[in-house]
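Next come two complexes built around chain A: one with chain B, the other with chain C.
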Partner chain A sequence: MGRRPTIPPIDGGAPRRDLVALLGGLCLFLSTLEYLIPKPIPFLRVGIANLPILIAVDLLPAGSLFLVVFLKVVGQGLVSGTLVSYVFLFSAVGSFSSALAMVAARRLLGQRASLVGVGVLGALFSNMAQIVLARLLIFGEGAWLIAPPFLGLGTITAVFLGLFAERFQSGSRWLASLRSRA
Partner chain B sequence: MKLRPFDYLAILLSVAAVGAFSVFAYAGRGKSGDVVVIEASGQRWLYPLGQSRREEVHGPLGVTVVVIKDGKASVVDSPCPDKLCVHMAPVSKPGQWIACLPNRVFVRVRGDDGQKTDDTSY
Partner chain C sequence: MKGRIGRTDGFLAGKATARALFAAGALLLPAFLFQQDPLVRGLQFLLFLGLNAAAGRRIRVVQILLISAGIVAFNLVIPTGRVLLSVLGLPITEIALRSGLQKATAVVGMIAISQLSLRADLEIPGRLGGLIGRSLFYFQLIMSRRSRIDRRNLIGSIDDLLIGLQGSGAAGMEPGSRTQKTTPAGAAVLSALVAVNWAVFVYTLLRPYPLWGR
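Up next, the complex of A and B:
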């Protein structure tokens, strides 16, 4: 890495709107795949549905990125049937915390972090926000017991998703054509 | 690809968070726990682990049945769709837990740190 230039945000109008829709749809599709993977304990997920958002950190301005996150959260709620339950609150708080953390990380750290570091910070903030929410809303002090496996697995999957996203960023012809058009 | 300095720092921060919570959660592991803590609907019940019993806990979906037997606590029935809590292994050591998210029931084992268990009345 390191060779990769900072990608200018895709200019406004139709191309950016298409990209937001495409990434949002991709999140929805990956969510359905995610739900096929059996979960050993509640909470634990691989997080593949976050891959488009991780890639979007370097592609879209913050506003459009949050729109993708919104599409992902609502789409996931529809697919899993949790849109009108408190689980949706966890999903929304987790996803937006992670997006905020990733945008902040990219702005503060610039290219001194790859998508691995950005993704790991995103996972950490998403999971911490959800644990705090669980502490406040449901479980009381017991919620802190969930933290070690939840944060641990989140770190591991985030590293792998980050590595994948980096590979994708440097290898994708689709992305290269997007950048050359931008 | 090569990881950059802040990648390592981010991973280190995450691992440190896991470590800190582990120390908090698993302190006192090894010795067998004494108290089963059940948290649901904003309430909290304590039961001795050594005494066999069957408790029905009410949550938003209905009744979750927690059984304490042979020094182990387990969830034997819950009105949730996926039954993850029923499939989780019985817990007996401090820090171990079983959660039923949909019915908002949380069962954990705590070492006896002097707090008295709720009295049992028959």
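Up next, the complex of A and C:
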């Protein structure tokens, strides 16, 4: 895999806030697409709503990235009406665990890790955190039974999302314009 | 700046403010979650489901059944308590079944309360509220332009969409219109809803498991 372009963090309060809001809105849009996919467990998600967060790992500083995650989680809760439910808790724990792992991977490995690797690591952390929560709150010991398919599905979808993010990052005129403004 | 959330319909639309609905939902939640009798909790869930249906929301029965069955099944995997019956060699034990039903009704019931108590014109104060509002505004813009996303040129069409949207948030945000006041009828319905659920909860505290004995 060739060397990918490094995107410097976007500077400036107001433009960055607007970018954070735009990425949050995009997360919500992808969440609604994901909502159409039937699932036996409410928090079992394919993860396409994480695509803007994966792209933002190289675009925003950690604080702003976590704001995008916050917008995604709260927005999902408000739009789907699950804000005061376990679903929100699972979504929050999974999303923040994933973002933390992705930021840590970028900090520790820099550009040696591709977005596929960063995404897979994020998915694994997100799914593990949700399985532990499911073990504690809902399924009891039975939660370990869903761990293999849950982690397997998460890894497969993360590879596809990572590949998509790589292609988007290298070909996007929108990202290029943001880079030129930074 | 305040943020406003997406839907405009909802239970008691026109009779209660979004804040009053949200407060009622927050008060209902503990009376539901701390309820130990699975049958009482099931009845509470049916009540919330009925109110959601009355508010015009689509009730996804198959999804609710799938979620509940999945949670109960996973809890039955570890047998606990006396064996009630055996299905395909799997013992259905009482404590595991009760635990599964408790958790299943908690999950689907919380979703029902949440949907009942969240309405489009709920305003979230502060800078974060403003950011949420702007994000939801972008979400609505993307939804209105989603037909421009071309499956054959996914990356290019999403890219074009984002280029067109960048910066629209600051210009497009409108101040939220004030919602109407809660009418006496709305206040009475919400108060009765909360009072009945809390009365049942207190009753089951004094006389535990009135419907499903220890």
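In this text, the second predicted complex is superposed on the first by the 173 of 182 C-alpha atoms of A that agree within 3 Å, B and C clash if a C-alpha of one lies under 4 Å from a C-alpha of the other, contacts with A are read in each partner's own complex, and residues count from 1 in each chain.
We adopt the following convention: a residue touches a chain if its C-beta (ideal position, glycine included) is under 8 Å from a C-beta of that chain, and two chains touch if they have at least 3 such contacts.
All values derive from a computational prediction rather than experimental measurement.
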**OP:** Have a look at chain B and chain C on chain A after the superposition and call it: clash or fit.
**Re:** clash
**OP:** For A:155, decide between first (touching chain B), second (touching chain C), both and neither.
**Re:** first
Original post:
After superposition on the shared chain, which partner residues are touched by A:177: those of chain B (first), chain C (second), both, or neither?
Top reply: second
**OP:** Considering only touches as defined above, state whether A:120 meets chain B (first), chain C (second), both or neither.
**Re:** first
**OP:** Kindly classify A:140 by the partners it touches after superposition: chain B alone (first), chain C alone (second), both, or neither?
**Re:** both
Original post:
First (chain B), second (chain C), both or neither: which does A:167 touch?
Top reply: both
Original post:
Touch check for A:111: first (chain B), second (chain C), both, or neither?
Top reply: first
Subject >> Residue range of chain B overlapping chain C upon superposition on chain A, of 3-11, 21-29 or 75-83 >> reply: 75-83
Subject >> Overlap of the chain B and chain C footprints on chain A, listed as residue numbers >> reply: 41-42, 87, 138-140, 142-143, 145-146, 167
Original post:
Contact residues on chain A for chain C in the complex?
Top reply: 14, 17-22, 24-26, 28-29, 32, 38, 40-42, 67, 70-71, 74-75, 77-79, 81-88, 137-143, 145-146, 164, 167-168, 171-174, 177
Original post:
Of all residues in chain B, which touch chain A in the complex?
Top reply: 1-11, 13-15, 17-18, 21-22, 24-26, 37, 39, 44, 82, 84-85, 88, 95, 97, 99-102, 104, 106, 108
Original post:
Where on chain C does chain A make contact in their complex?
Top reply: 5-7, 25-26, 29, 63, 66-67, 70-71, 73-78, 99, 103, 106-107, 110-111, 113-115, 117-118, 122, 128, 131-132, 134-143, 146, 155-156, 158-159, 162-163, 165-167, 169-170
**OP:** Using the touch rule from the top, collect the residues of chain A that touch chain B in their complex.
**Re:** 1-2, 39, 41-43, 87, 105, 109, 111-114, 116-118, 120-121, 123-124, 128, 138-140, 142-148, 151-152, 154-155, 158-159, 162-163, 166-167, 170
